[in-house]
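The same chain A turns up in both complexes below, where it pairs with chain B and then with chain C.
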Partner chain A sequence: MEHMSLSFPAPTASGDDASKARAAAVICGVVASGNLEVLVEAGDDPAFCDIVVNTSAEGFGDIWRAVLRDFAARHAVGGLTLSINDVGATPAVVSLRLDQAFESFRSAS
Partner chain B sequence: MTARGISYYEATARTRVAALVDAGSFTEFCGAAERLTSPHLAALGAPVAFDDGVVAGSATLGRRPVLLAAQEGKFNGGAVGEVHGAKIRGLLDRACVERPAAVLLLVDSGGVRLHEANAGLIAISEIMRALLAARAAGVPVIALVGGSCGAFGGMGIVTRLCSAVVMSEEGRLSLSGPEVIETVKGVEEFDSRDRALVWRVTGGKLRRALGEAQLLVNDDVAAFREGVIGLLASPAAVAAEDGGLAQLRAEHAALADRATRFATARDGREIWRAQGFAAPERVPMLAADEFNRALAEAVGANGGAA
Partner chain C sequence: MNSVSDTAIQRDRLGRKRAAALDRAAAVSPTRNVPPDRIVALLEAVIDAGDRLCIEGNNQKQADFLARALVQTDPQRVRGLHLVQSVLALPEHVDIIERGQVDRIDFSFSGPQAARLARLVESGQIAIGAIHTYLELFARYFVDLTPNVALIAAQAADREGNLYTGANTEDTPVIVEATAFKGGIVIAQVNEIVDKLPRVDIPADWINFHVLAPTPHYVEPLFTRDPAIITETQVLTAMIAIKGLYAEYGIRRLNHGIGFDTAAIELLLPTYGEELGLRGKICTHWALNPHPTLIPAIEAGWVESVHCFGSEVGMENYVAARPDIFFIGADGSMRSNRAMSQAAGHYACDLFIGSTLQIDLQGNSSTATKGRIAGFGGAPNMGADARGRRHASPTWLKAGAEGRAPGAMPRGQKLVVQTVETFREQMAPTFVEKLDAWDLAEASGMDLPPVMIYGDDLTHVITEEGIANLLLCRTPAEREQALRGVAGYTPVGLARDRQAVENLRDRGVIRRAEDLGIDKRRATRDLLAARNIKDLVHASDGLYDPPQKFRNW
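Coming up: the complex of A and B.
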């Protein structure tokens, strides 16, 4: 297993989204081969998105950083914390799952 | 929801729960944010899941209060570890206090999580004891089996301890899995790669025909929902039976009779033929309602002996 605790500058989440994150976490995806789960919760710094990655695929730190930096730049996720359990998902799957997690977080009541 | 519905077989545990219960009524216990992950998997350097592969909580179904647990078959084959098992056991203990209309177990599991060995076995035995206590307290426990991992090993036993079992043909229920049987007894005994045979032997239609499942429904979460609502509406269908020793003896006699009657059967088709199905070879092609009609006709022609 490889563990990474990363932080990326990101557009600040809207007030609604920030209060949602404090109210309830949202989980998306399953821990299965080639797949991952993403837990979305409230973070500390509204200018940054903190992301914790636990992955069974070792040695892909640079690719993780590239995919996650891209995600943080594309979405207003500043002030959120994402926690990931991964079993060797490809970068495309990771990217889609992150988008889905953020979407289901935003549409959660 | 689309016109095609949601395939129970394909859906994740969370999707099943959301579509099964009344919209928006689900409250999760020990949710993902609490991070009750498996210490055993962590010690082995294996991936963990924030919910340890089971979603537990309370909801309403047809406006009746229920407690439910849904296993995620895609995480380690839905196998039961220490935390996973404790969540199910706790839910059943809670049922003894809260007295909901029913506990629903959405079983999708190969059995005990081998990584956790004795802790997983103990968890299964605790679930069995808690399940029987809930039934004794008058709370029906209903198993739903329609996932890709079916209900095998310890979870196969747990399923058969329930007050009622709702299955789709895609769902499978047995003790040892086909690959285990082939490994131990040889391919002549059971060819685990013959998927049609595996489903004819362990799938929902044979289980329904033998009376081990009370309801066969199509592979659609909405069909499972309707099935469970129907069971909850007729208390007799899920009543806690307490016939004592006489009932136990009758059950043993029925099993002995079944073992004699189907002694030479090597395949679900032979059992359906012996039961009097008009076209046994076509049974796997039937939709749930066609199958249920054919079963009623066969049982009727047999004087009620399924």
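Coming up: the complex of A and C.
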């Protein structure tokens, strides 16, 4: 098991999204499908997205950093904290799940 | 100067060789229906040392009984053989080499035996003439690699020796035609001997002997892809393919590879394709085996015609029930034909799309890896621009116009597409600086690195990161950045020039899912028209009868 705590500059999350995250931690996306789950909570700095990764695959820290840096730059996730539990998903799956998870988080009321 | 009689003898060299072999055979089996327990003796009687021998088999049906008989022949008598055949797939195909009975092989594909074959080559026990594509090897049967003896597989023989090869006709016609008309001997193993065949696929006078095999010939269900294993990444790339490629070029005539990536496309036609209003506009005519994953699209009215290289285990009844789509005989069963379908895939299709293990920075792709000599079967016949093509279609013209400088002679081009995930299992990157094919070529003393699809034939690459249109690249440097720009988080992808990639995206050379208006939230398995094998059975109204290994109910 590898554990990483990372932080990336990100566009600030919308007020709605920030209050949603403050109200309760949200597990989103496709938990049931097994190889990756994402938990969204409120963070501290509205200009940064904090991301905690727990992954079963060791030695891919550089790839995780690159995937998550691009994700944070692509979405308004500043001020949010994401926790990711991964059971060996490929970078393709991680990117897709994160995009899907954040989109469903945003559209949830 | 030769005397008249010397010349006459010279003129009928092959006829005398065949007559001598048949004389020896008559002592073993006086009738053309050979008793199964005499088959080893028959092979020893008809095969001369140094003969070119073809054991029929593809990645589908196999003349397995005859292959097992061959490895029981006396190595002192049956030796110095030159194998000229589509595949080395059965253990016996390699056993016969290990027994020292073979000097040389020319073939197309060796998937299951690839590692053993590599060891034999590296230790100098066998010489490879060349690893061909199917059409290329079939072509050489009629030039300089004509078999002296062919061992083939058929479903049934009648009392006269006519053969029914049925849905799995596959390579049989081309092998028999080359052998029978050039002084050779053809021996067929059959699953049954009947009074009346459903139809005659091969006439008796092209065959010398048939033998009732104790067990039916083996057939591999190679084209069955269980929808349950299709991933969401594959759904996403299938959405990108349908919207960014199929719709864009109006692709109607096509061939798909056998991977899960293209199975996902087949299963998205009745759902995502229907939503986009594409029925009747794309994917109407196919050179394709009867893929079970095409059933939902056929049933939804997408498909007008499918010609098959071979059949697929369990699809016989479904195919027979759709004579409006498949090529069906007067008896009601399909006839496949690998040579014809390969020609159709090469000349009459506007698109080939398949997958690969590695792509380099020039766009060359290969499934070859060190320690395995596998070959590529038919993929390169389909995955290559047909330089001899002269008929136009809107798809072909659009691709040709994109790939040519203004003012050049107008000409079309075939779309040749690789669809891949950027990483494979065990995080092996698909995009690489240098193909493993170079190492394999060096270790095995090959003339060329074994490339499946050459970069100059490749027109598009699709990954989860988007689609790269190589036709629109004007320089090798642009092409390299276009490939890096869809190579994801592989070392090749991470080394991209980010500004150059953004420029290519502005020009539409690279298009991401978001550029195509694809909502990634929809890239889930719910979008598949069938989510498991049982769904496919339902879609076929119970006509599809999947092999046991695909049933979990």
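Just a few scattered comments:
FYI, the second predicted complex is superposed on the first by the 103 of 109 C-alpha atoms of A that agree within 3 Å, B and C clash if a C-alpha of one lies under 4 Å from a C-alpha of the other, contacts with A are read in each partner's own complex, and residues count from 1 in each chain.
In the analysis below, a residue touches a chain if its C-beta (ideal position, glycine included) is under 8 Å from a C-beta of that chain, and two chains touch if they have at least 3 such contacts.
Owing to the predicted nature of the structure, the values given are computational and were not obtained by experimental measurement.
In the superposition on chain A, A:S104 makes contact with chain C only, while chain B stays out of contact range. In the superposition on chain A, A:L39 makes contact with chain B only, while chain C stays out of contact range. In the superposition on chain A, A:D86 makes contact with chain B only, not with chain C. Of the two partner chains placed around the shared chain by superposition, chain B is the only one that A:M1 touches, whereas chain C remains out of contact. Once the two complexes are overlaid on the shared chain, A:S95 sits against chain C while remaining clear of chain B. Residues 30 of chain A are contacted both by chain B in one complex and by chain C in the other. Of all residues in chain A, only 1, 24-25, 27, 30-32, 35, 37, 39, 41, 54-56, 83, 85-87, 109 touch chain B in the complex they form. Taken in their complex, chain B has these residues touching chain A: 12-14, 24, 31-33, 45-51, 53, 72, 74-75. Chain A makes touch with chain C in their complex at residues 30, 33, 57, 60, 63, 66-67, 90-93, 95-97, 99-100, 103-104, 107. Looking at the complex, you find that chain C touches chain A at residues 231-233, 236, 421-423, 427, 463-465, 488-489, 494, 519-521, 523-525.
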